Structures are given as C-alpha cells and as structure tokens.
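Below, each structure is written out as structure tokens.
One chain, chain A, links the two complexes that follow: it is found with chain B in the first and with chain C in the second.
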Partner chain A sequence: MASLSGRQFRAMVKKDIVMELRTKEMIMSMGLYSLLTMVVYFVALSQTGSNFDPRDIAAGLLWLAFIFTSMLGLNRSLVHEKDQGCLEALLLSPVDRPVIFFAKVIGNLIFLLAVEALTIPVFGFLFLQGSSLDIGSMALVPLIMFAGSVGIAGVGTLLATMSVNTSGKDFVLPVLFIPLMYPLLLGAVSATAAAITGGPDAMGGFWIGMAWVVGYDVIMLLASYGLYEFIVGA
Partner chain B sequence: MGSEQPTANALEVRDLTRAFGMRKALDGVSFDLPGQAFLSVFGPNGAGKTTLVKVLTTLLNPTSGTAKVLGFDVVSDAVEMRNHIGLISHNPLLYPDLTAEENLLFFAEMYGIEEPHVRVAELLDAVELDHRKLDLTRTFSRGMLQRLSIARALLHRPEVIFLDEPYSGLDPHAMDILDGLIAAVRDKHTFVMISHDLDKGLELCSHALILAKGRVVLFEPREAIDEAVFRDTYRATVGLGVA
Partner chain C sequence: MKSASTRALIALALGGVLTLGAFLGTFFWAGVPDFGFVRTAGRAESVRYQGPFKQEVAEARYLQNYVGYRAEVETDGDIVQGTITEASDDAVTLDADGDSVTIDAADVTSAIVSGSTYGRPDWGQKIFYFHVPVAEISFIVFAVAAFYSLRFIMTRRRQYDQKARVAMEVTLTFIMLTMATGILWTRAAWGVWWEWEPRLTTYFIMTLLVIAYFVLRNSVEDEERRALYAAAFSILGFIDAPISFFITRLIPSNHPVIERGGLETPMLVSFIVAQIGMLLVGYAIYQLRMGEMKLTDRIEHAKTLLEG
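Right, the complex of A and B next:
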C-alpha cells in the first residue's frame, strides 16, 4: 500500500507540474502580481525621506507580497481540479485523502518557491542596492523562505479545498487564510529581518523566528492532514 | 473483503439519509440490488438521484444509515471499495490540459494498474480514440470526451459501474458507442444508471427505482413492472417537484 501511495503521490505532483508548464497560469499570474507589488512598493517608498533605510521594513514587505501572491495561486490550483469534475475522479480512485493533500501541498509549494526565487532578486535590486549586507546571514534568507512557504502551502491548500466548493471562493479564501497566516508572519518576518540586518546579535533572533515557523508548520500540517478527509467528504 | 462477509447482493442500502443543513436530499432510502443487475434510477430534478450515487461511490458520507457495495461499507471500507467501482458522469472527469493518453495513464497510476501503457492502449482502441491519444482533451468534442471518460471509468476493470446521465449531450454516434461498450460488459457487471430518459432506462434495466423528495417511491425488478403504470407513477412523481 505504501508503494501504491508513493506512485499516486508522484503521479499527482507530476500531473500538476506538467499542466502548469503547459498553461503557465499559476506561475504567470503569481509572478506578474508579485513583480507588480514590488513596483508599487518602490514607487510608494520613493517618496520617503533620505534617512529611510529599506532594510527596516524589507522583511515585512516581502512576506506581505508572498502572502497575497500565494492566494492567487492557491485558488487556481484547486479550480484546475474542479474543472470538469476532475477532483471527483481523483476522489473516486483508491487513494488515501492525505496523499492527495500532500501532493497538492508539494505542487503549490514548488510554484510558490519558483515565484519567490523570481521576486527576491528584483526586491534586492530595487530596495537593497547600496545597503551594507552581511552575505553570511543573507544566505539564511532562502531557509526561512522555504520554511514559511511550507506553512503557506499547507494551510492554503486545506483552505482552498474548503473554499473551492463555495459560491464566493474568491472572498472565502482570504477571509480564512489571512487570519491563520498571522502567527506564521510573526516568526517569518522576524527571522527574515534578522537575516537581512545581519550581525552576531541578529542570529539569535533568526533562529527563534525559524523555530517559531517550523513549529507552526508542524502543527498546521498535522491539523490539515487530520481535517482534509473530513473536508472533502463533507 | 469489506468489514463483513460479502453477500450475493451488489448493493445493500439501509435507511440511508444524507442531509445538507436542514434539507434531506436522501431520506431513509432502502433497497437491495443483486449482482450483475442493471438498476435505472428515475426521478425529478432534486429528487436525490445524484446524491444517492455520490454516497454509493464514497464521494459523500451519509448522514445516517448504511450502504454496502459488494459487501464494502461506503464509509469504513471506502478506500478498498473504490478499487471495485467506476463512475461515468455527464461531466467527463478528465483534465483538459492533459492529452487523452496522459489522462488515462494518470488514472492508471491512481489505481496502481500493472503495465499501464498496455491497458491504456487497449482502452483507447476500444473507444476509437487511439488516433487522438496525443491531443489535449480540451480540443475534444462532447462525444469524444464521453468516450474517453468511459475508458477512464473502465481502466481498473470495476465490477460495479455507476452512470450519471451518461447519454446527456451525446450525438447518435457517441450514443451507439456507449451502447456497444455497455452491451460488451453488461453480463459481468452491476450497473446503476441515473436517467431522465424513461425509454432508455427501461430498455436497459433489470431493476427500476423512482426517487422523489429523497425517498423511494418505487423499486421493482423489470419483469414486475407494468410499463403503463410505471409511466403514470413517474409522471405523478415528476409533478412532485424538488425535495
């Protein structure tokens, strides 16, 4: 059974990637939205005084962009499954519901990380040019990005599954998703800020934030795992 | 097989109820269907036909009551039961951005089918779509989608096949192909078909069920059915409107 679950899991992730490479719907919409957000930030912050240091708010700006961007993709990922009843066909097959859940989480995580990989260099170019950065601590940014994205993809996949069957799915997802992201944001922003600021004092803050995010990921993924079967059968 | 010993009945439904909020889409439905039977389910819109099929195919959990398919309980044995059932719906249940072959290979992986390429090629040939196997299904006509949907439903050689208005929107050629495919496997399988077409449903069935307001109005074997009385009952039932 374990090997069948593995086959099913790989097939579902592969299917999502093949379909996305073909349509580019999620990557295009998320990528464009994220880049436009960076441009809006840039224009808005260009009016600030000369004493303003973008590093003070860089982490918050980045995570806000990722949270809002992810909602676009999460909705799309489940709409694909709802098209022509594909989700029903998937649920009809002898696959454990958690396998479906984790396959969708991995698919969403891959697309979110791809968009983040595109956005972060643009953000650095627009806001951090000329700032003195600690390369060693900046190297930790991908680590917290990955940990935070796991939480976004996990909680978001569960909530998108819930909201896709509702008539106001574009409204329901943000209303449920954003409050649940609050604890994640606390840890992720604090750890990212520490990594961007750098220095020996910041490292303690980074690892505390990182531990907070990993704890959030574990708790929320376990809760989502437990709830997924109930939600798809409700 | 199942939590209890299998029986000769393919379906055993006992006091099955499914509520959506305060509304009961199914309200105490009970019937037994023998193996290799063909059950046609009739009823007005909102009678609970699709909900019945969704519960029997494990897509929805019942609110109360029990249902067994081939001895498998639809709740406690759901994962194992899905190896033995197939669904052909008026929706194609296919990914529009995958090719015909990719769709079938994907579902073959879901069912853990050995030598999936061989089985997929066999079914594409049976539904006369082997020449379009590399085309995205979003380019397919309604009839072609339905034929591919039949191939998807038969991939794992299910013993019980559910058909939810399978003839809906089909052209005559596609209807002939569907008829042929059903006829080819008719004797070895149990069928449950939702239909609004009385003539087609009665022509195919060994048993008929009329649902209204989530309740069983009539359940009889075909040989016991007086067609004129049945039609009158159906017309009166349709007059009841939605549940």
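Right, the complex of A and C next:
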C-alpha cells in the first residue's frame, strides 16, 4: 500500500512538472512577476541617500517578492486543476487525500524554489553590488529559503484550494494568506537578515529565526494536512 | 426559546452592572495610582504631593533634570550648596544664597539633589478594568469559535457552524473594543497612537484573521462548502491567538503584563469582578445573536412551508 501511495504521489508530481514544462506558464508568470517587483523596488528605493545600505532591507524585500510571487503561483496551480477538471478526476480516482495534498505541496514547492533560485541572483545583481557580503553566512540563505518555502507551499496549497472555489478568487487568497503567514515571515526575514549581514554575532539570530520558521512549518503543515481532507472534498 | 433569551438578557444586565460597578468602584476603593515622579512645571493642579526626596546623581549631566531643585555639588573637596538655575551637558550653574556659581561638569565629583516628589494621577490606568477583560474575552470567544469549528468538521451538523459563526462575530466585537481602548491607552501612556510592538502586532494580525474569516464566508455561495472552509480557516487562524497571548511573556515587549501577586487587593477584586461581568456580557451577546439566528431559521422554514 505504501508503495502504491508512493507511485501515485510520484505520478501526480510528475504530472505537474510535465504540464509546467509544456506550458511554462507558472515559471514564466512568476519569474516575470518577481522581475517586475524588482523594478518597483528600484523605483521605491530611487530617492534614498548615498549612505543608505541596501543590506539592511534586502531580507525584507526578498521575502516580500517571494510572498507575492508565491500567491500568484498558488492561485495558478489550483485554477488549472479546477478549470480542466483535473481535481475532480483526482478525487474520483482511488487516491488518498493526503497523497493529493502532499503532491500538490511538493509541486508548488518545486516551482516556488525554482523562482526563488532565479530571484536571489537577480536581486543580488541589481541591489547588492558593491556591498561587502560574507560568503560563509550567505551560504545559509538557501536553507532559510527552503524552510520558509515549505511553510508557504503547505499553507498556501490549502488556502488556494479554498480560494479557487470562492467568488473572488484573486482577492480572497491574499486576505487569508498574508495574516496566516505573518509568524513565518517574521522568522524568515530575521534569519535572512542575519545571514546577509553576517558576522559571528548574527549566527544566534539566524538559528532563532530558523527554529521559529521550522516550528511554524511543523504546526501549520500538520494542521493543513489534517484539514485538507475535508476541504478538498467539499 | 423564551427562557434562553430571558437568561441572556439577565446575563447582559448583570454583566453590565458588574463591569460598570467594578470600573466605577475602583475610583473609590482602589483610588487612582500615581504616575511616579514628575516635574512640576505646568499642570500643577493635576499633580499630587508625595513627599521629600534626597538622592545622589550618578553623572553630572543628569543635573539638567533637576533645574529648580536644591543641590549639593562637590568639587575636589569643595562643597557648593544652592538651587540649580541652569544646567547643560558641560556645566551647571547654582544660585548659592544670591551668588551665582558655575561649575564645569568635568569637575563635579559627586552631587546630591533634594526637593519634593510629585505624582501625577494616572487616569489612563483605569482603562485596565475594561481593556484587559475585553481582550481576555476576545481570546476566550475565539477559542469557543475554534472549538465549534472543530466540532462542525467532525460532525457536519449545521448548528455547530452557526455557533462557530456567532462566536466569531462576538470575537470581532470584542477585538474591536480591545483595539479602540488599547489605542486610546497607548496614546495616553506611550504618547503614540500605535506602535509595532509584539503584542500589538500579533493582535492586529488576529484582527485581520477574524475579518478574513468573514470575507471568506461571504465569498462562498454553497452553504456546506462555506461552513467547511470557514471552520478550517478559523482553526488555522486560532493558532495566532496563543502566540498573541503569550508573546509579551516571551519577547521583550512594551505591553504591560500582570504578574502573579502584582495587584493589590482592591485592584485585584475590582479586576476579577470586571472579568466576571465581561464574561457575562460576552455570553449574553452570544446567546442573543444565537436566538436571532434561530428565529431567522424558523422564519425561513415557515416561508418554505407556506410556498408549498
């Protein structure tokens, strides 16, 4: 049975990836969106003085881009499922609901990580040139990115499953998503800021933020996993 | 039906009397606490005399805080006594029996100031007997809403969805009251209307979550789906409530915390009475709204019967 669930899980993740490779819709829209966010950042920061240090707000700006980009992606991924009747077919097929949940979470996580992997270098190239960066501590950034993205994908998949069935799809998801994300964002931004600033003092702050995010991931993933079964069938 | 609403009205009246009584009673019984040491310039009518004080100043530049007070300033064994007329970071000027003496702050070896302390009555503190019970009830009713949401998911019985929804409405009411009183108090005590401080921030997030709950409800047409989504969201959202409740004890925060044994008897008794009163008010609002929902249901039912 375990291997059957495993096969179903792999098939569903593969389905998402194949569809994405054919249409390239999510990566394109999310990547473009995050690039556009960079343009908006540039405009927002264009009036800052010469002694302004972009490292101070880099973590916040990065997570701002991720959170809004992820909402776009989450909405897209579930809208596809619903419009093409895929979700109904999945529900009719003998697949356990948790398998559907985790397959969707992993699918969303992969796309989110791909977009983040594109965004970070672009952000660094556009805003952090000339800043002295500690490569050793910067290597921790992917770690917190991953931990934060797990939470975003987990809660986001559940909320997006709800919001695609509401009358105001695009409006409902942010209203539900952003307040729920607040604890994760707080921890993720503080940890990322510590990693970007670097230095021996920052490591304590990084691991506190990291622990906060991982704790949030565990609680929220368990809650989402428990609730998904009821939501997806409604 | 009748007895439930009668009970609710009795609870409302009793709760109102207790809450108001506790609030007014503290003025007579617990009095108005002092705001601590304040300078006397201006608003002299609103300050209370507390008694004489005499203390040493740690650094000479702190003498700026004691202009108008008596001071004994020691410089290399020489002691000058007088009233401080002027002081800055670098020098202090004393009026010693008509002679004006200016001393460099660097030369001061020790300084003792004396005078009278005054306390300003802290009227703003009185909001404690309203704001804190209201905030506590908002957490309790949120917990009730999450509980009924869980019950609904387990049983799928419509009455639990109704109860969760009404509890959520009561939560929103109490959250708004907490916010309103809290904002007034922060203006009085901290001098700002709002501060991004851990308790305030997490409570603001809780407000947004409760509002989002109603946004979600309003945007789903199908009744069973609406109930399920709302229940799931209220359970997820409730995770913020304990964070908001305990955060002042975990992270350094400006928001005051009641410590065990930190309240004097008159304050403690007034506070407990206010809590009981507020709990009754919350219960009454909940029951009255529930009664209204039931009546609406009956009307709808009657309408369908009449239409045939």
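In this section, the second predicted complex is superposed on the first by the 233 of 234 C-alpha atoms of A that agree within 3 Å, B and C clash if a C-alpha of one lies under 4 Å from a C-alpha of the other, contacts with A are read in each partner's own complex, and residues count from 1 in each chain.
Here is the rule we use: a residue touches a chain if its C-beta (ideal position, glycine included) is under 8 Å from a C-beta of that chain, and two chains touch if they have at least 3 such contacts.
Quick caveat, the model's predicted, so the values are computed rather than measured.
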Checklist entry - Looking at the overlay, what does A:Leu90 touch: chain B (first), chain C (second), both, or neither? => result first
Checklist entry - Regarding the shared-chain residue A:Val155, is it in contact with chain B (first), chain C (second), both, or neither? => result second
Next on the checklist: According to the stated criteria, A:Ala11 is in contact with first (chain B), second (chain C), both, or neither; which is it?
Outcome noted: first
Next on the checklist: So in the superposed three-chain picture, is A:Val122 touching just chain B, just chain C, both, or none of them (first/second/both/neither)?
Outcome noted: neither
Next on the checklist: For A:Thr23 in the superposed arrangement: first (chain B), second (chain C), both or neither?
Outcome noted: first
Checklist entry - Touching A:Tyr182, do we find chain B (first), chain C (second), both, or neither? => result second
Next on the checklist: I'd like to check the shared interface: which positions of chain A are touched by both chain B and chain C across the two complexes?
Outcome noted: 234
Item to check | Contact set on chain C toward chain A in their complex | outcome: 153, 201-202, 205, 208-209, 211-212, 215-216, 219-222, 224-225, 228-229, 231-233, 235-237, 239-240, 243
Item to check | Residues of chain A that touch chain B when the two form their complex | outcome: 4, 7-8, 10-11, 15, 18-19, 22-23, 80, 83-86, 88-96, 233-234
Checklist entry - Once bound in the complex, which stretches of chain A touch chain C? => result 155, 158-159, 162, 165-168, 171-172, 175-176, 178-180, 182-183, 219-220, 223-224, 227, 230-231, 234
Checklist entry - Where on chain B is chain A touching in the complex? => result 57-61, 79-80, 82-83, 85-87, 89, 91-98, 102, 106-107, 109-112, 136, 145, 152
